[in-house]
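Following are the structures in question.
The same chain A turns up in both complexes below, where it pairs with chain B and then with chain C.
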Partner chain A sequence: MSQQQTVQTILLHFSELFLLCKVMGIYPQNWKVFQRYHDLKKSNVGVLFVIFVMLAIVVLYNLLIFSFSEEDSTLKASQSTLTFVIGIFLTYIGLIMMITDQLSAIRNQKHLGEIYDRIRKVDERLYRIGCVVNNSVLELRIRIMIALTFVCEITIMIAAYIVLLDHTKWNSLLWIFSCLPTLYNSLDKIWFSTTLYALQQRFAVINRALEDMVQVHERYKAMMAHRKRSGSNNMVKNKNVINDILFDLGHEESLKLNYLQNELRGSGLAGKLGKNRVKPVITVANSMNNFNQFQSIKKQPTKSAINIHYESELSNVSRVEDKLNDFCQLHDEICEIGKKLNELWSYSILVLMAYGFLIFTAQLYFLYCATQDQPIPSLFLSAKNALITATFLLYTAGKCVYIIYLSWRTSLESKHTGICLHKCGVVADDNNLYEIINHLSLKLLNHSVDFTACGFFSLDMETLYGVAGGITSYLIILIQFNLAAQQAKDAASSHGTNDPSQISNGADNSSEDVNDYSTALTTLMTSTASTIITASSSALN
Partner chain B sequence: MPFDRLNARSNIFDYIQMYIIPTFYIICYGLINFGSFGIAHNPSCDSVCRLGNALIVHLGCFLYLSMHALNLWRRKKFFIVFENSLQDIDENLRRCQAVSGGDMDGKPKKKRKYLFYGTWIVVILAFTASFCYDVKELVHYYHEYFFITLMVSNFPYSAASVMLGQFIYFVSEISQRFEKLNELFEKINAESDRKHIPLMIFDIETDAKKDMPPNQQLRQRHLTATNEESDELNDDLESFYDTETIPDDGPTSESNLPELFKLHDKILSLSVITNAEYGPQSVPYMAVCFVITIFGIFLLTKVFFVVGGKSRLLDYVIILFMVWSLTTMVVAYLVLRLCCNANSFSKQSAMIVHEIMQKKPAFMLGNDLYYNKMKSFTLQFLHWEGYFQFNGIGLFTLDYTFIFSTVSAATSYLIVLLQFDMSSILKSEGLL
Partner chain C sequence: MCPGPLSVSMKGSKIKQSPTLQRENDEIVLDDSMGSSPKSKTFLNDITSILVILKATGLMPLYVTLTAYELGPPKILNRIYSIAIHFMVHAMTIFNMYMLFTGGSNQLFYSYRETDNINYWIEILLCIVTYTTTVVVCSKNSKAFLKILNETLKVDEEIQQQFSATIVNDCGFAVKFIILILIFQWYIVLLKILLINEPLTVTSYVIISVYSIQNALSSIFIVYSSILLRLLSVRFAYLNSIINGYTYKEQQKTRRFRTRIPTKDQATLPPPMSSFPEDSLFAFRMYNKLLRLYKSVNESCSLILVVYMGYSFYSITTTTYNLFVQITTQLEMSLNILQICFALLFSHTAMLALLSRCSGEATDQANLTSQILARVYEKSKEYQNIVDKFLTKSIKQEMQFTAYGFFVIDNSTLFKIFSAVTTYLVILIQFKQLEESKLDDSGGQTTTTTPALASTAAMNETIQ
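Take a look at the complex of A and B:
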């Protein structure tokens, strides 16, 4: 039970986020239980509250759409059915996204608690093995993400309100509700991404533990070699050997160098005095023991002093087997948790990706329309201003890219475990160990996490590359349609006047259009590329 | 251009240089855009020319700034780590070569060398040609101020190419190591081929083991020399005697195997580090190369073939496009080729190990150890394959499939672009 006090559930760090989600009606779980036991428990009142909030937002959102629809009707009358249809279709996808999030939150409310329970159990086992996971990073990340979300949402909303809307009308205040769906979605995704990050941390901890084992063993081997040399050589050389070891160790643990030096000097002195020629080596072992406390290095005093047995963990096959087995089971468990997590959020992620793709394309398209002085649907008002559009696009792209990037990193990290495992084997170079490792490695090969969106596509960077290409080509197609419609309209109007000079004028206009279009195209292409690159490089940070 | 120093405590001058030149570049960029030095402000510049110029200038700016930011962001430590581990690997390789006792013949190397120098000459020629052409044209227009425009139109691309050239250099180093490793593996393979009578040799080995107790000192020396295989006394002993007792049969080098496996692992992790450092840089470079090439082809077919030679400035801009699309494509191709080579070399060694396993050479009969070792190696390689390939932050893998995907994407964009009717624009500009 003492471990339970040292290993706390990661939900401890989620409290602010949970409070926020609870108040805003995203998550239905019981707040009091969470406060007291840091546990997610099902709550019927919470469900009712979430449904109520959902309905209220749907109603208000529709109100917003209707209040703004006067302009839309003029838009419909004016010309471009294409723009109108796109607008109508895309207006509701934000709402759909929010509803999906909330419904899946209601559906998942029981399983979510189980997941965090399982993570806690994994933590406990990790702690028992001797790996401590630093959970405070999670809290920092949550805070940063919440802050970023709010800053982006509020800047977009307020900027759009101040710059683009008519302040005098009362119903312009309804604009506030246009940002609620994305805000809700972002908060929900913060849960997902933080949990995912926690899983990635667990994988990384396992990998680091394996690599630590390798390093310790290498050090141990070097020591053995030195001991052999010192055993065969004269007493006088002992000091040199110690210096060598000191050099080796000092390389790796420069922090404790001073302390070690002092001790070794003392021991070297002892060696000079000629009391016992193996004593220095023992001191080295002791000092090693001092600076990796959790690596238990056993000393078994046997018949002669030379045969004192120093152990790195990797030389004891049966114990190593247990440990590696443990690691593998943990890896399996984390993989399972990852799969479960992915399953719980699969629908909302699918909708989010669809939303990101469509909105990104639409926003750029409407930006183009706005630069051409064509009317655009009222809910995409922000496209009238390039700066607001840029913020909005960065925010949306950042959300999608971050999730994709994180799941990519996690699955890479899980694949890395196999490599680390084999490193152990190569370093120890033992027949039995090789057998164990080969067996476990096959198991790991079959057990990899791949995050998918409902199985439609996998969440990795290659998908992102494909999506970027898709957005560009759709944009080009849309703009071409728009251009064709514009040209047809121009031709019709000039035909109506029946004036030859007008026709040539129209041709000139269209040529100007082409020119404008190609500049717009280039800027769009570069801007798409640059947004993606900046987003990914920022995510790399 | 950013220079990299290998020493850890690089003095302040390196850093100053790394900051001065970008600021100089940004000043020039500002002058071009807001001052009167830009090509766009030239009276003879028409709309197509302006479009092309704006595109090349802004793309260059984006490319240079992003790559330079990544360069600055890269830790100085990387170069030191790379150099150290490379030396380590080289040393180990040399030791292994000494154990296997063979000197590799230099004929194929010579051929490779020619190829190597050939590619470098081509690249350098392309760069100098573009540079000279640029200077000549710009001097014609701006006389003594030509360097300002040159700074903007030429510099970012060449700087980016040089940065990617570093990547090429590192990858080629890595693939060379892989090749050497493969030679060693191949040698073991050939030896196991030669010795068809495994049982006999095994007997000799065991005999030797019994007969030579006074060889202790020798063993001691060997141990201190290799310094690593202390765990496997017996095994080491065996292989060691093997090399000692049967020199006529050609020195057997299977004692190298664990060392070689370790080396393979090290080289792969080295390439992971390299890729982590240079992969992000390759992304903007590839994107810019793609855009420049598409627009270069577009302008060439739609403008240059129609009205080439009528306006010198227009020709200059279009040729600028062509030159830079060619050079960037060459550099990108080199990157892809080398990455692909390195990948295939690393794969090849796994194949060779499998071959050795199938032949069941002498040293494998005695114990399961070697069998397990090799199996573990190949399994590890499977893990590596899933974990790592040269890529640009996961967006695309740097191999020939990338060429295919870009070419197909470029075709579809080109089809869209070629549908534009440029003749009216050209007519309105008075060129047709």
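Take a look at the complex of A and C:
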């Protein structure tokens, strides 16, 4: 029990975020249980509340769209059916995103508690090994992210309301609800990213512990070397001359050579003579280490007390084996937790990425349209102001990029463990230890944590680059369409004065313009349609 | 011999067979059901319906059931039957090709737009190519298919002997998908016949129905290959569950239980570590066998998969384009065409989703083995060596289900196909608009051409 008091669940630091999520109806878990035991328990009342909030927001959001759609009536009348349907989709993707988040929160409510329980167990084991994870960073991060989210949301909403909307109408107050879906999504993603960061921290702690072992051993070796140089050389004379030569070559190279010699001769002998037999070559090559140890033990009482610090764990193979095994198991467990975490949030991340891609492109395109004094749908009216657009884009992009970046970092950190493990082996330069490390690194190779969105694409920098390229090319296509439509319009109006057959065309200019606009919208939307079809077909099976 | 009731395949009564042949088959069925012991249930019992269809249409050889766990090559009479069926199929194909090229089928291409007719024509041609490839590859690889079934049965037998456990194959989806395919193809045939106003000639009927039958059979073959993959993935999963008993977490559980409650029933407990060498070596042997099976399934099916995927890619693109055209032209939105489009889209997407999901599952399960084995922690060098050997071997093992080496089939394939469809759709729509703007006003509008084409080119570059 004493250990449970020293190691507390990281959910302790989530209390503010959980309160916020609970009150706003994102997470259905039981509040009282959380307050008392810091545990996530299933709650049926919570589910009902979440569903109620979801329905209320859906109704209010629809009301908003309905009240604003009067302004678009000219736009809508001339639109074709498909473009209209696509326009609806573009309008509702924010809402779809929120609903996905809430539904997956309801679905995950049982498993989420398990994840934090597993993380606590990992923490306990880390504590027993002697690694302490600093969890207070999480709280700081949560606070900063919540503050940033609220600042961005409120700035965008209020600025759009003040600058762009008509204050006299009562229904412009409904604009408030336009920011709710994104706010909900952001809070959910803060939860996800903080947990992901906690996992990354644990990988980093393991890596640091391994690095520390390496450093301690290096210092220990340097110490021994120093003493050996300064001390009497008479004992060395008895030993093989190779030791001296190797020693002069400097640490790294001598170590490598040493190991290589061991491996080459050892394996050659092992094939012939069998394992249990003592290999003469290895004892000679290892003599430096043994000798050092021997010397240190012998001279410790005579020298100063500082030497006690330079006892390296890496020289004690049997103890180090347990520790490395523990690290390896912990690494595996954290990887498993990471996979589970990714699975729980896979759908909402997929929808978030689709949302980010679409909205980013649409907002930029409408910004272009607004600078050319062309009509834009009312839900994107923030595009009329460049500053608000910039804030909005930063906010949306920040959310997507941060999640991708964090997933990428976490999987990099998990891969780094193998490198750290091998550093241990290189520094210790012991045959037994090398065997252990080879065995463990084979295991580490099979612990994979890759973050994907439903298996469709992985969340790493390459995807980010691809998405950025996609946005750029689609934007260029859209703008080219727009330019072409504009040119066509100009040409038609200039021709209309001369050619009687073109007059009717010129009169229909406005509808043609809208048609071109709708075509551009269609072009944009076909890409999303495919995303949705893909998602639904995978859900079907 | 031909086991299983033939009535299943006659559900749609698509395959025209002489009544004498049918009776003959029924008699064989009776013989067979008496010959094979009823208690031995292999996976073949789970997939009878699809096997019967494949056998009746000549895609699978009419093998002989020697024992419960062994299948023999087909008898001469059955082989002649298969060859006859193949001849019939090829004759039908040649007839259809002749009609398509000489214009006997002009009635089918009623659409006003030239491009639509060409699209439809190409689609029928691709369907014929797909089905012909399926038949040819199947007849060429008939021995390989039989071998796959035999090997799988052998693996089952060995598992049965070692652990006295039968593997549950959840292949229930096969029947569902077959029924789905048949219903959709009938539906499409009906709609197509209703769509044409004038009285149809016999040629048109034949072409429409043969097109549907070929479509259905190619789809059924895809279902069959997904079933093979599912069978493999279930077996991989069973091996994984065996090894999973030796991982450190399960072993810790054992220790805890044994210290607390010694009389806990042993069935739920993981096996003791002492049986690890034996079990793991057995699992490795089975794993290698399954891996070989996986590769041979891939080899024997991949050409068909490539052709089918190409066909369905084309079909999905043109259908979506048709759908778009239908919705955007507000003048006459034909409900029939919309329904055909949706039915085609749905059936093709379902097939692709099924295939990619099954192959993804099998690959995942096969890759999981080494991950699970990495969780076995044991002090003893002997056990460590067993683990190390397997892990070292699995480093360079390429576990991928490819379509003839062109691309990997897994969940991301679906994503890629749909993004490619989107790209081509955008290009097609651009061309359509170009055509329309040219038709609308022949002069003064040439400026539109350049940016639209440029954008197409730019997009092509960026997507590739």
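Methods note: the second predicted complex is superposed on the first by the 394 of 541 C-alpha atoms of A that agree within 3 Å, B and C clash if a C-alpha of one lies under 4 Å from a C-alpha of the other, contacts with A are read in each partner's own complex, and residues count from 1 in each chain.
In this text, a residue touches a chain if its C-beta (ideal position, glycine included) is under 8 Å from a C-beta of that chain, and two chains touch if they have at least 3 such contacts.
Since the model is a prediction, treat every value here as computed from it, not as a measurement.
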(Q) Quick check for you: in the superposed arrangement, does A:H447 touch first (chain B), second (chain C), both or neither? (A) second
Q. Can A:G46 be said to touch chain B (first), chain C (second), both, or neither?
A. neither
Q) Regarding the shared-chain residue A:G113, is it in contact with chain B (first), chain C (second), both, or neither? A) neither
Q: Could you tell me if A:Q480 is touching chain B, chain C, both of them or neither one (first, second, both, neither)?
A: both
Q: Pick one for A:G418: touches chain B only (first), chain C only (second), both, or neither.
A: first
Q) Can A:I437 be said to touch chain B (first), chain C (second), both, or neither? A) first
Q.
Is A:N325 touching anything from chain B or chain C once the two structures are fitted on A? First, second, both or neither.
A. second
Q. In the superposed arrangement, does A:R229 touch chain B (first), chain C (second), both or neither?
A. first
Q.
Quick one: is A:A488 in contact with chain B, with chain C, with both, or with neither? Answer first, second, both or neither.
A. second
Q) For chain A, what residues appear in both contact lists, the one with chain B and the one with chain C? A) 438, 442, 444-445, 448, 469, 473, 476, 480, 519, 522, 526, 529-530, 533-534, 537, 540
Q. For chain A, which residues are in contact with chain B within the complex?
A. 221-222, 224-225, 228-229, 232, 315, 405, 408, 412, 415-416, 418-419, 422-423, 425-431, 434-435, 437-438, 441-442, 444-445, 448, 460-462, 464-465, 469, 473, 476, 480, 507-508, 510-511, 514-515, 518-519, 522, 525-526, 529-530, 533-534, 536-537, 540
Q) Inside the complex, what are the residues of chain B that reach chain A? A) 47, 51, 54-55, 58-59, 62, 66, 70, 220, 223-224, 227-232, 235, 258, 261-262, 265, 280, 283-284, 287, 291, 295, 367-369, 372-373, 375-377, 379-380, 382-384, 386-387, 391, 393-396, 409, 412-413, 416, 420-422, 424-425, 428
Q: Show which residues of chain C lie in contact with chain A when the two form their complex.
A: 248, 324, 327-328, 330, 349-350, 352-354, 357, 360, 370-371, 373-375, 377, 381, 384, 387-388, 391-392, 394-395, 410-412, 414-415, 418-419, 421-422, 425-426, 429-430, 433, 437, 440-441, 443-445, 447-448, 451-452, 454-455, 458-459, 462-463
**Q.** Footprint of chain C on chain A - complex, ascending
**A.** 80-82, 275, 325, 328-329, 332, 438-439, 442-448, 454-457, 469-470, 472-473, 476-477, 480-481, 483-484, 487-488, 491-492, 495, 502, 505, 519, 522-523, 526-527, 529-531, 533-534, 537-538, 540-541
